[in-house]
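The same chain A turns up in both complexes below, where it pairs with chain B and then with chain C.
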Partner chain A sequence: MRLPRFSLPQFSPTFYGLGLVLVVLAIIAPALPILSLRFLTNLLIYTALAYSINLITGLTGYVSFGHVVFMGAGGYALGYGASAFNLPPLAGVALGGAAGLVLALGIGIVTLRFRGVYFAISSLVTALAALQIVLVTPVLNDGRGIGLDVEKVGYPARSWFYTIWLIVSAAVVVTYFATHGRIGYGIRAIKSDEDAARALGIDATRLKLYVFMLSGLFAGASGAVFVWSTFGVYPTVVFDLTFSLFMLAMIIVGGMGTNVGPFLGAVIVYVSYWYALTVPSLLGLAFAAIGVIVILVALLIPEGIVGTMRRHFPGLRRILE
Partner chain B sequence: MVDAGSVVLQDLVYGILEGCVFAVVAHGLNLIWGVTKVVNVAHGEFIMLGAYGAYFLSAWFGFNPLLSAPIDALIGLGAGVLFYFGFLHRELRGKETVTLQTEMVTLVATFGLALFIVNLATSIFSVNPVGIPWNPGVVRAGPVSLPVGSLEVAAISVAVIAATHVFLTRTYLGSAIRAYSQDIAAAQLVGINPTFVAAVATALGLSAAMLGGALLTVWLPTGINPLMGQTFAPICFVIVVLGGPGKMWGSLVGGLVLGVIINVVPAFAEPSVGASLALAIAFLVLIPVLLFAPEGIVR
Partner chain C sequence: MSVRVVAADVHKSFGGVHAVRGLSLDLEEGRVVGLIGPNGSGKTTFLGVLSGALKPTSGTVTIDGRRIDRLSADKVVRRGIARTHQIPRPFPEMTVRENVGVAAMFGGQHRDPQDALKEANRVLSLVGLEASADRSAGVLTAQERKRLEFARAIATRAKVLLLDEIFAGLSPDELRAAIGLFQKLQQELGFGALIVEHVMRAVFALSDRVVVIDEGRKIAEGTPLDVVRDSAVIEAYLGVDEAHAPP
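What follows is the complex of A and B.
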């Protein structure tokens, strides 16, 4: 009897590299002091958000200005679950991811029909309208927000870290599969020319919607972790468009649609932001500087760091993506 | 005792008056979008700069917003030329159609510009809102009261939109701009310089945006702040889509629709939810319009 031959799937060096970084982070995490762990947790929340927006904006080219709406939905799911049903935080994170996914399904069915700037604008106004609706929804405390019970939550820095670590890892894996194989070719075809992709038999509508739902899932789950680690959900915080802008800035700097770009961009943007927080006089100007960086990258190297390196160093193309 | 009917009537009048100002503010976006096919995400920030321009002219020289508006418009012309050559020229040069790639690059670059201007403005002006003390009185017409300032501002707004319409349809340069917006290659064939025409249209667009920002201050007695662009930019997006990009009267129709929604909806809702509900409806109007009338509701 012949046994079927098993072989390890061939992943790319970038994927192994990212995996190595994540594994190292997971190993050293327990030894870190609380503040550093807190810093890493925040960094990973932004990384997860960057991977989330990368799925839709980076891979398919649909600029989602209002991506924060999924984060807000996830955050509210955790807050509402905790206050109304006494859900444990981990279940809240799962609920947050589900909320992001369902919302992305609902929004995506309608808005993914619009292309280019029309999608960008409709995503922006959806997020703004969502904020206004949450502000007057009695079930969600009329926009006064929902505080978590600090005594019950405690300060589980390691649980926060490992939860968001898991989300980032899942996002990395999903991004890998969305950039490789048949699905990857399909998505890339949509980005290059959606009509041509349709003519070749790619079910663009369905593919876009799936990618958008996954994107909502990760944004919702990271929003829930954000709320969990800041002890409450407040509409003007979780629906703050600054998050959208941060996510976009990260993937623009790192490289849209790449595997390692969102991670790189998140580290660059978040670390400079963190540094600016420690220097009070810099804060406003640091955001302005991020704006300048985004302008320069968009106009001069629209492929971001990763894309530009791939273009100029052909040797890197096989290992860096 | 005020009866419900006259409250709604009053709100309707306010909505129409404010809608005219919304229209001129969105008109700038409409010009740039219609002609160059590029959406300026930083549009709201130019409105904010226009409002601050009016504020400082009032604080330093005692100018009222009507007097500041033309000065703002001139600054806007200069800003528009800089904006065109800084942001759009690299992408539009030598292209005959605007690709999705161009759309994405300009969206992202102007988004960076918005981030830059907002945060620079926040650190220079601080987030505390300011206002212009200018109140030329109120005229009463039956049950409705009409603030003179908003009447004048509405009249100027409509005049500006009418003037652009005349400019685009009756002058050589205006025809050239329209030709460019319809077919870049054909416009070049008849000897139109595409860079010049696109730069003029962009400059006029930002000029209208900053002029509109100055006029808008009449409606913001204590509400000029660096973050105001983030409210008005989406309103402008909805107005332009509602009217149809590139249709000059479209901005007026869209502006009036949004002005009426934002002012009249609160009359039918609980006072605590009215304003939020009105904004939410005003934003979400965009979706059915895109679904059922993607070219805008104006023919």
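What follows is the complex of A and C.
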């Protein structure tokens, strides 16, 4: 008698590894003390942001300096939804993702025509402009921010955690599909030589716009969770370019365009930052610490951790990506 | 019915520079047209317009009667016109097989990556690059890159290929082999081609018709033999004195 054949879907070891880590986190989360859960939530917010910027900057090479604009848009969507329509937080997170996606569509149609440094500058300008616009928009409280009703929000540490966990998981899955199969080949070709890619029939305009929209979706949703877990949205916080720099630092350290790089980068950068904040003698030097890490990585291992390991250990190439 | 590409009165200016000034040209599946002219005469610009990489300032390009001159390059490929670049532009991070596979996946009819890579193997053996299939495209020699560029264009299954100086820089023996290979492939696959060349031996061996341009204008058109006897052509290439000198 033949046994029915049972096979796992053909995903890469890296994908299963990441999946395992995420599942373990989800299982142990309820048992964690509240402050550890809070720490993990923050870490996952940064992880989701790193996956978000990785989709556009890591995969296509378009450096999105103003990526924080999507996070801010998502944060404001949640804050405005809660104050104006009494929207529950989860609906606010969905609205935040939608806001990020739509904003990326609008911005991307224009700025993705620019290459190299011109794209980087135009993206920086959109973030600065967004801040100025919010500061003078009456329905958004003229830039005074929107506080959430603390009594209504409560302190749902587990809801925060599982919401951002879900967003990170979705980002990991989307990254996998954007780096494999037909779409993966198309995106790699665009990153390598966009004009040559077009000459072989790749609709670069559309493909770039799609990954940019997905990128906006994840940044927007993460921004909404950030606002939800910090009880309010304030323009100088959610449009702070420091977030953009953090996201870039994370994928530079971890390895641009890879599947596991954003995760590794987020852990290393966020943990170092958090550690630097707790050491009195390093007070005020937390950002400098991140700067030093990024400079060292750029000098010594410019392809990030994942890229460098793949280069030096060819045996890892099939399993690490 | 064979595919026909018609360019009519194409102009292309960059600011004040008129690179192409009213060129018309017919290309047909199964036929090879040579496009020659001195350096800077507008050959590559014209090829850019035909391939969709550049938009003409005025004039039209049609394929079987349908306008393609406002389409983006990727759509032009899917309508059946593929180009090679004078300086080959492989994706150096990919293997040779993947380079060709991408062309089959997006330009050709093999949407599934596994099918496309199989098709790539077939195309690579056609052009004699099968031994390099697993090598990184970044380490190829200049001549291998040219072959890869050609292989990618073939893999799109385009009916008309625009080939920019694929015979340049070959030794006499290599040139003979390359011309033989081209003839064999062209008969087997039946594509039409516009070959932009400085290597006259290739142009004369392969072209059914030759078009000569100078300063963006057509100055002669005909069989290869007609063209070499044309005084305007000799003048453009060699200067006025030679053309009017007694034989």
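Note that the second predicted complex is superposed on the first by the 308 of 321 C-alpha atoms of A that agree within 3 Å, B and C clash if a C-alpha of one lies under 4 Å from a C-alpha of the other, contacts with A are read in each partner's own complex, and residues count from 1 in each chain.
Please note the rule applied: a residue touches a chain if its C-beta (ideal position, glycine included) is under 8 Å from a C-beta of that chain, and two chains touch if they have at least 3 such contacts.
Note that this is a predicted model, so its numbers are computed, not measured.
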Worksheet entry | Fit-or-clash call for chain B and chain C when the two complexes are aligned on chain A | fit
Discussion item. So in the superposed three-chain picture, is A:L285 touching just chain B, just chain C, both, or none of them (first/second/both/neither)?
Written reply: first
Worksheet item: Which partner does A:T308 reach: the first (chain B), the second (chain C), both, or neither?
Response: neither
Fill in: Of chain B and chain C, the chain that contacts the larger number of chain A residues
B
Practice prompt. Answer with first, second, both or neither: which of chain B and chain C does A:A199 touch in the superposed model?
Written response: second
Worksheet item: Can A:S122 be said to touch chain B (first), chain C (second), both, or neither?
Response: first
Fill in: chain B versus chain C as contact partner of A:Q132, first or second or both or neither
first
Practice prompt. Considering only touches as defined above, state whether A:T230 meets chain B (first), chain C (second), both or neither.
Written response: neither
Item to complete: Working from the superposed arrangement, determine the closest approach of chain B to chain C, counting only CA atoms, in whole Å.
Response: 11
Fill in: Overlap of chain C and chain B interfaces on chain A (superposed complexes)
none
Discussion item. So in the complex, the part of chain A that touches chain C is made up of which residues?
Written reply: 181-182, 185-186, 188-189, 192-193, 195-205
Worksheet item: Where on chain A does chain B make contact in their complex?
Response: 61, 63, 65, 110-111, 113-118, 120-122, 124-126, 128-129, 132-133, 135-136, 142-143, 241, 245, 248-249, 252, 283-288, 290-299, 302
Fill in: Residue numbers on chain B that touch chain A, as the complex places them
39, 41, 87, 90-91, 100-101, 103-105, 107-109, 111-120, 122-123, 230, 234, 237-238, 241, 272-273, 276-277, 279-280, 283-284, 286-287, 290-291, 294
Discussion item. Give the list of chain C residues in touch with chain A in this complex.
Written reply: 51, 53, 72-75, 77-78, 82-83, 85, 89-94, 98, 101-103, 105-108, 111-113, 116, 152, 156
